[in-house]
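Two complexes are shown next, each including chain A; its partner changes from chain B in the first to chain C in the second.
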Partner chain A sequence: MHGSDLPGGGAAGPGSGDGRSGSAAPELRFEVEELTRVEGEGSLRLRMRGDEVVEARLNIFEAPRYFEQLVRGRTPDEVIDIVARICGICPVAYQMSAVHAFEDLFGVQVDPEVRRLRRLFYCGEWLESHALHVYLLHAPDFLGYDSAVAMARDLRPLVERGLRLRRAGDAIIAAIGGRPIHPVSVRVGGFSRAPRRTELAALRPLLEQALDDAVATVRLAATFETPAMERVARLVSMRHPDEYPYNEGHIVSSDGLDIELPAWRDAFSEYQVEGSNALYARASDGSAYLLGPSARIALAATQLHPLARRELEATGLADEIAANIFRSVVARGVELVHAAAEALELVEAYRPPDAALVPWTARPGTAAWATEAPRGLLFHRYELDERGRIAEAQIVPPTSQNQAAIEADLRVFAPSVLRLSHVEAQRRLEQLVRSYDPCISCATHFLDLTVEEA
Partner chain B sequence: MGRPTTAARLRVGVARFTSCGGCQLTLAGLHEALLAVADRVDIVEFAEVLSPRSSGPYDLLLVEGSVSTPDQARRISELRRQARLLVTIGACATTGGIQALRNWSDGDAWRAAVYPQPQFIHALRTSTPISEHVTVDALLRGCPIDPGQLAELVTALLVGRRAQLLDATVCMECKARGTVCLISSQGAPCLGPVTKSGCGAICPAFGRACYGCFGPAHPANVEALKAQFADQGRSDEEIGRLFAGFTANAPAFRANARPPLAVLDQPPVGPEPAARISHGFPGVPPLTASGDDDARQ
Partner chain C sequence: MDERVRLIVCGEPWRGDDAAARQAARLLPERVRRVADVRLVGQLDPEQLLDVDREHPCVLVDTVVGVPAGQVVVRPLVELRGHAGPGMRSSHALPPAETIALAEALGADLRASLLIGVGGADFSFGAALSPAVLESLPRFARMIGRTVLELSARHHPTTAPVAAIAATAAATAHRASQPRKESQP
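Then we have the complex of A and B:
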């Protein structure tokens, strides 16, 4: 946990510390044994020698749950219920990736209103997840508090605004899916029940308020002072010609990748690292890449709702969002505006589908799809046997894909905090990790932050 | 620190074991009511929301998740010593959760199937409820728990009265809600007749069969329901799968659950659940800031 601060960040001072012989500079360590204000259990370790980062590791010690095994032998509809339980923050994302994968394999064409309802469903999840992260987890870093509870003592209206936004998202999910966490109505072929028009119309006042609150969020987030950071990251997200990406589109990147959703494995792969209960993912050429709100804004801003695009432009931070992960809080704000604005339009235009649920027949083969979870692209792949049961599953959550990028960013950022006190340096490093909104429950089969200064 | 006095605010903690985080997030789902609660108590431990940490003592500790690693088995015993009242929340903490399906398997084989280098992974062969490890004072069921039940429990504890939680089956809640029975009208494989109330019978109201995420009612006539499913033409394999859900490891479901990859007829039986309250809701001693558990009945 500590070690003396390096004097002046000196590059090659004599190794006086820790009885280590033969090394040019004493090793400086930062460790955060349990990251707080992130979803799940992980830790950070950073070891430095002078300005050189010897090791940057995000370890995930969240207990494994073996979801890829839990779904084997199950029917597609059972899988939709089971994979929701990977994450209490983004169950909708898991249900959406799975249901689209199965429908793609089975050749199911859902009712156009069902397609729109699924976009609305996803708007709900982005609202509740981004509001939770921006206000309850992340804003305290920028405003000098150690929690939203402490922040609420001085800035109660701010916390209330976050809770209102979250409630709007929860209300959408519950109206469509019965409850905000682990909703029950998603089925292959549509929904087991479609809401009545009046049920969605009842959401309008909440959503109008949410839109105002979301706009206020961007304007607040744009005023946050962030540490300087410049890195050239490979950004990856989905993109669709006509709409901001939720359930459909292509996988694209900042360096020209453009592939179909089921083809994720053509460009990316997973591997395991000792000490972590998560599998990492990297591009096939071994490089790290960044998913999530910042990547989506960089790659798909032209499809943002006009109100969201206007707010993004007014911040003047579009370029910085792509280069400085601390600005992800602004990106989340912009996406809150998008989600609230689109949800409002979908609710106003809603007509119950003629067929909430269309019939389908299972067939063997490979079902693969990706959707845009709040934290980024979530890829599912299932092998189905002759009975239409799962023979094999692969689930690649956004946080395990971001893990390599988080570690790469730690290496870039770490030298800039060496002159700070140990406590402050550690706080900044933790803030960096929090900026990715890591979801550790998701990544386990995934996070641990120990910073060692070597 | 130290014992709370009459004037002291209650110290509340939230601890997480193996789970998805959804039940503790239900606290955040109380929205504005959360702030009202935060005004009344000191939330001293809640790692996913608060950076400051406290290892105790707690007047009330809410525990989410199951015990599935050696570290967790040690940690829950220490937490129990620090907590005046320990309340488990959700299907993982009260039954072992969906991850308890590995209790029917050869756990090492599962680890090897998911991780290329299984030797890096430290996990117990089983996932078990908190009550198999320590005494539990009260529990909230569900995957996830119901926000209304959570609000009722916390409110009751704060004002020192008994929580009023319906002790019935999902069937009762369907009747109260006016939902047409899916078993008699559609021949659906609905677990409502044997599942504990508390969710408000959401699934049938949304046109699908209950899948038992609140766990078994007490009593639960599972044999009669299985016979009904057989009359509907369902195979033993399918009926076994229906019970192999989010509360499969609960005693009344365990013998009837057949997860697809099961190699054991039943999981190894743990010690009798230690919970003082094994069903319904409780005779929880009202929690008062005086530290006198029996102060008010």
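Then we have the complex of A and C:
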């Protein structure tokens, strides 16, 4: 992390007490080359003149990973194993978006128990990912620690709770997917192997504890003091009439959009920005939009598990979650409750599917689908050739879609921290970025922070 | 707690010399395997260490940098606290120093635990080990086996094979008479 880097040999830095406003105000910038406690590697650049934000840029310079090229010429099942490697935190999401896209194109109807297993699989990933973010990455911001290690020395039970939650998620993924990271069982048409009833029943004690831990997480997160903030971006998530969105539903937005999952490109598009190795995304009117837990809570709270809905209502923060990104930590807590409660029910009702894997025949055409990764909507689109192999691929992760919203929110939030000391201002800005739980490895799939006052 | 000696084998099998520990673990004889709780992991996770204490130490085996390729080193695990590691900046996984610090903050007592490393040369993609590491594998495996048997004999005498206790006691006595050659990773 770097201190202020003052251009022009004399511009004042934040906290120096001069040159804060007016057109003659000097340029001020903050610089952090390695933003910590985010997934992946990148930087943030903020240049200000007085209270005016001249530039807010999330620089993603982690090397491009070329997954869309790597899958060309591959079969659908090979794609599922390859795209899982995009992320060690949310491999299930990549597998689910891909498998649903292919099954939609091929007209595959999976066994209803396979459908439930896939929801359970996703519960595992949300538990693991949200627990990691809330306890190891984000909570230290609210509780005044530089890291989870420092926090663990004083607040050991909290970190232990986070690790327990993560362990529960990992156990689900391992039971269904063969291993907790980069699972290997997902196949077009189902799973290569369905777990035995006893294997899932063995998860019950872990999940009962996880549910208690998740409820405690919401109640803790609701006590966190957060900076005031009014969101700029519109909210986008999936919504399903009967269930909280994981694999199925429609894409909806806070301003009335309602489209089918394969139609993502009708409403959104990707574009390149100089200096970033991740593509940005915007709505068809050019606006930024926000994905993730806050958006899901705002747009689909009616479908939360009753226990999660009860906890959300008890916080009294539903409206604030929709408007203030710092409250995303509460949203993640609520989704932890949802994931644990639904997982417990799915495990208790589980019967091994009659057909873990149904046959299918590949055909040429366009396979497109979206699912709800822990960080938000993850869209995949594949063109398949006459041999049923991938001719072209488009993978749009949530973090790259959130980049523009992060930058828009930084523009709104930055002036409020300029009266603070440089260290505190920088801490708040980093906290803001962490609130989105960016997974930069997915988006390029990296982050440094540079704030400048122009 | 499992009375076997926890053997945490780190490394990615498709990143050249990073697979050395996994390959060495395959060479361990049955008498070592019987007293070892072998855990194959890509990277060290705090949860692997939480219940480790002085009576139940663990052995972490991994490829290391900072020593000549193929050189086998044995160090107290807690010494890793002072090593930042080779440039890991992503929070997808904590670097070893932070992993150990977090485990200790959560109550793990790692003072009796050991790191056995082999110097690596090439961590590029693929399954092939570099010649120096390949040549050192039997030596690496022997050191792992001997250490596991020693710890088993010292901490879990009821489960350690009698022959192993005798063998390791003799080996320990022999080594104590020799100058120590291991260097710090």
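The rule is simple: the second predicted complex is superposed on the first by the 426 of 454 C-alpha atoms of A that agree within 3 Å, B and C clash if a C-alpha of one lies under 4 Å from a C-alpha of the other, contacts with A are read in each partner's own complex, and residues count from 1 in each chain.
Basically, a contact is a pair of C-beta atoms (placed from the backbone, for glycine too) under 8 Å apart; a residue touches a chain by one contact, two chains touch by 3 or more.
Because the structure is predicted, anything quoted here is derived from the model rather than measured.
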Superposed partners chain B and chain C on chain A - clash or fit: clash
First (chain B), second (chain C), both or neither touched by A:Arg187: first
Chain B versus chain C as contact partner of A:Gln69, first or second or both or neither: first
Contacts of A:Gly178 with chain B and chain C, given as first, second, both or neither: first
Partner chain(s) touched by A:His240 [first = chain B, second = chain C, both, neither]: neither
First (chain B), second (chain C), both or neither touched by A:Val149: both
Which of chain B and chain C A:Glu160 touches, first, second, both or neither: both
Touching partner for A:Gly88 - first (chain B), second (chain C), both, neither: both
Residue contacts on chain A - larger count, chain B or chain C: B
Those residues of chain A which chain B touches in one complex and chain C touches in the other: 34, 36-41, 87-89, 136-137, 147-149, 152, 156, 159-160, 163, 167, 181, 441
Chain A - residues contacting chain C, complex: 34, 36-41, 87-89, 136-137, 147-149, 152-153, 156, 159-160, 163, 167, 181, 441, 446
Footprint of chain A on chain C - complex, ascending: 42, 46-47, 50, 89-93, 98, 101-102, 105-107
Residue ranges of chain B in contact with chain A within the complex: 16-26, 28-29, 31-32, 34-35, 38, 43, 47-53, 68-69, 72, 97-99, 101-102, 105, 110-111, 113-117, 120-121, 123, 127, 143-144, 199, 202-203, 205-208, 211, 213, 241, 245-246, 259-261
Contact footprint of chain B on chain A as seen in their complex: 34, 36-41, 62-66, 68-70, 72-74, 78, 81-82, 85-89, 91, 132, 136-137, 140, 146-149, 152, 156, 159-160, 163-164, 166-167, 170, 177-182, 184-185, 187, 192-193, 271-272, 274-277, 279, 389, 441, 445
